[in-house]
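Once you scroll down, you'll see the structures, which are given as structure tokens.
Each of the next two complexes has subunit A plus one more chain, namely subunit B in the first and subunit C in the second.
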Partner chain A sequence: MEYLKIENLRKTFGGVVAVDNISFEVEQGALLGIIGPNGSGKTTTVNLITGFLTPDSGKVMFKGRDIAGLRASKITNLGIGRTFQMVKPFYRLPAFKNLVVPLFSPRVKRMGGHYGEKDTLALDILEDIGFERDSAVPYKPASILPHGYLKRLEMARVIALQSELIVFDELYSGLTLAEVASISPMIEKLIEAGKTIIMVEHRLKELFKIAHRVMVLDQGKKIAEGSPREIMKQPSVKKAYLGVEL
Partner chain B sequence: MSTERRKERIDRPIKAVTDDIFCLSSIREIAYLVIPRMLPVVGLLLLAFLVPPYWRKVMVITFVMGMMALSWDFMASCGLTSLGQALFFALGAYSAGAANHYLGLPIYLSIPLGTLIGAVISTACIYPTLGLRGIYFSVVTLIIPLMLMRVVETTGIFGGTEGITGLSPFPGIIVTIALSMIALWITFFGLRRLIDSDYGHIFVALKDNDRAVEASGLSIRWFKVQAIFIGSGICCFCGAFMTHYYMSIGMSAFAVDLSIFPIAASVVGGMGTLVGPLLGAIILGPLSEALRAFGSFRVVIYAALLGTFIVMLPEGLFPYLARKYQQIERWVEAPGGISED
Partner chain C sequence: MLLSVLVYGFINSVILAMVALGFSITFGISRVANFSHGGFYILGGIFTWYGLIKLGMPYFLSAGLSIIIIGALGALMYKVILIRLRGLELSEVIATLSLGIVILELLRGLGVFGYEFRNPVFMDGSVDILGVGVGIQRIIIVCAGALLLILLHFFVHHTKMGLAFRGVAQQEHTALSVGINPDLVSMLSLAMGSVMCALSAVLILPLGVISVDEGYDILIKALAVCIIGGLESTLGVLVAAFIIGYIEVLTSMYISSALTSVVPLACMLGILLVRPSGIFGKSKEIEERV
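Here is the complex of A and B:
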């Protein structure tokens, strides 16, 4: 049984075909990168998998069950966590209280394993993700935190949810090289812990360092899939990105 | 050693000790912290029992409107900006009135029952609109009470245009005012506690980012239902209470004024603070009564005052006062002299 299998996924907005019969598979414990030029349907694909959009047709099989069209909260509780390209923190809440919300989810309650007060737990997760525990940072409202911390907060949410399949939607966008360098090992650590990861990314160099397989989208269609090394050699990929055949 | 003095904000040393655990060192500091926190309790007591008899009736209405404003503010801070608090008020009023008139239930049963039934019906009325956000949600909540008002008028149910009269009264004005004051306290402190709890943070999160709430594995629809049940329950209690206070129920329970007042009170007092709407209601309630002498011209004065408030103090009265209070300074000895910075 495949872990995650996408079959002929299709989504249109009015006359625009955003995702055009995409099929792919992800094995458990793998890191799949999804790349492609702007408007190629990467984020739409993510939204279709995580339930934020309902596909027009096609299947999203997760551990043998078709989850296409389920509510996003339901899919999250099945174990698929996601981050957003545009960070979505709860601005009025302090950073650590942002994690109290996912800690209320049925999934976390069912999984158990989280021991102790929600606040302590939230602070533990934030410390792991790079918030200095003894500083004032975790206690500041999310509205005044810098972008790098908000991206980490997005990551902290899926960790708090104990998601087994994590979809990162342009996690690296807007981060400095130093920040990327500190976040990449965390993603490798998640893989070591047995999580499965899908990364939508524009920062190809950083992605290719950690991805096991890469899928390329262009204008809603899948144009290539393979290991990062193979993908870099594909002429169709270069054409999609640069617009010319090299 | 110089004995120059410099100004220092009173809250600085208090905050420096720790940010939220109050470690108090003097009566003055205790007073600085406790007095503003005692104000809502003591202030309401004074308002309720020291005003002349005629104004007691005004205070009852003010307290009930205060609860309506608190309910509006709570719902607004959950991202549910309602323009139809009158709907909840009327449903509570009609439920309690019907329970008292048709079923013959005594007042101490009809009010709780009316509150409960009203809240359930209100939530059911709003449920289909929960997929809407922002202005779309507001507009629908504005429409529903107007629609139900005409339903009552056309079909003549619950007495139609004449309403139901002769409902059981409260035992006396002192009991009435005490009950309304206690209910206001419970609403105010209850909502504050709710918003500050971990469970309440979900409601705050609903407004900040409902998609992120969904991505946190919580159904936004289910939590919006809970928020509406709590918010409308408060208004239904107000409706049930006023029905028995007036000893009658009529179509005026659907009046737009009832939807507007909570918003006006929240705007004047400061939205999203809970204290603000309470303060706003306590100012606007007696004010509209005091302006009664002007007849229908009072609406003009009232509206002009509101407009001035919105333009001059868009943040609201309470955040302004709170800021000023934190800026109160005192003279302290500066042993090393006053440094340049």
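Here is the complex of A and C:
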């Protein structure tokens, strides 16, 4: 049984075909990168898998069960977590309280929970992800945190959720090279811990260092899939990305 | 005279706050403006009256059951009607307003009119406050109002469900992504607002007769308080209730009691001119709104 198997996924908005019969698989414990130019259907694909959109047709088989069209909160509780490209914290809650919300979720409860008091647990997770423990940062409302912290908070949320399949939607966008360099090892650590990861990413160089496989989308269609090394050589990829035949 | 303005203004303000709180709570969590608030209010009063007078139930039982029924009605309204209209704000308003009018006019058609429709006060008698005689029922209302506010604050800030409610209110997508079902939360927010609406009816209606027109009046008052205070702000509800509450009492004492019912609307219009998002509402720049 495949871990995650997407079959002929299709989604249209009015007359625009955003995702056009895409099929792919992700093995348990693998890191799949999804790349492609703007408007190629990457985020739509993410939304279809995580339940934020309902596909027109096609299947999303997760551990043998078709989850296409289920409510997003239900899919979360089945073990699929996601982050948002545009950060979406609970703005008026302090950073650590942003993690207390997922710590209370049915998913965490079913997984046997984390031990200890929720506030402390939230602070522990934040510390692991680079929030200075003894500073005021974890206690500040999310609305006044800098972008780099908010991206980490997005990541911290799926860690708190104990999701087994994590979908990062452009986690690296808007981050400095130094910030990416500090986050990449955390993603590798998640893989070592047995998580399966899908990364939608524009920062190809950083992605190719950690991805096991890469899938390329263009205008809603899958145009290539392979190891990062293979993908880099593909002429069709260069064309889709740069608009020229090299 | 001044002292009685002070005392009765305070009581009147608490009454306004209680009436508006249910409307504000529902809107603050789920963005549903429940315009059937006035209908639910009178229905809560009538159910209590029916249980108490017609069926001979004990007061607290009849009142308790009414509150539960109205809460369930709020949840049902979300589950059956509003869930299909989510995001269509105008349709939500039309739907809830229609339901409210149907309830009120149905009651009118069934003959709810006159002195006979009256819930007794919980306890007879009056006490002297600052030299002003105040009925015990009014004292009970003020105490209950204070207790309700404390409970509400505790619920929102110190319980798991309160946190989920705040999550949905602040960022619905993220709430979904951490496993919270916003439809369930919205339904509960409707139930909660309706329970508070019925509770205020049970407490406040014994001060007068239960009349259909009172239902419309209550809706306008709740709306005025919420708009002046800022729609989702509990602090705003309190402040606005005290502003309108005192202006109402001053108007009826020094100008004319016939003008009292104009006060909330006049204040609301005034605030909409000066500060459209209300005193504590998040003000939006014009550019943001267009």
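By definition in this document, the second predicted complex is superposed on the first by the 245 of 246 C-alpha atoms of A that agree within 3 Å, B and C clash if a C-alpha of one lies under 4 Å from a C-alpha of the other, contacts with A are read in each partner's own complex, and residues count from 1 in each chain.
Everything that follows uses one rule, which is that a contact is a pair of C-beta atoms (placed from the backbone, for glycine too) under 8 Å apart; a residue touches a chain by one contact, two chains touch by 3 or more.
In this text, all values refer to a predicted model and were calculated from it rather than measured experimentally.
Tell me the contact category for A:76 with respect to subunit B and subunit C: first, second, both or neither.
both
Now for A:186: first (subunit B), second (subunit C), both, or neither, which partner does it touch?
It touches nothing on subunit B or subunit C.
Which partner does A:102 contact after superposing on A: first (subunit B), second (subunit C), both, neither?
Both partners, subunit B and subunit C.
Touch test for A:30: subunit B only (first), subunit C only (second), both, or neither?
neither
Touch check for A:157: first (subunit B), second (subunit C), both, or neither?
Both: A:157 reaches subunit B and subunit C.
Name the residues of subunit A shared by its contacts with subunit B and its contacts with subunit C.
In subunit A, positions 50, 52, 71-74, 76-77, 81-82, 84, 88-93, 97, 100-102, 104-107, 157, 161 sit in both the subunit B and subunit C interfaces.
Which residues of subunit C touch subunit A in their complex?
Checking each residue of subunit C against subunit A gives 160, 163-164, 166-167, 170-171, 173-182.
Quick check: in the complex, which residue numbers of subunit B touch subunit A?
Of all residues in subunit B, those touching subunit A are 198-199, 201-202, 204-205, 207-209, 211-220.
Would you pull the subunit A residues touching subunit B in the complex into a rising list?
Residues of subunit A touching subunit B: 50, 52, 71-74, 76-77, 81-82, 84, 88-93, 97-98, 100-102, 104-108, 118, 157, 161.
Note which residues of subunit A are touching subunit C in the complex, please.
50-52, 71-74, 76-77, 81-82, 84, 88-93, 97, 100-102, 104-107, 157, 161
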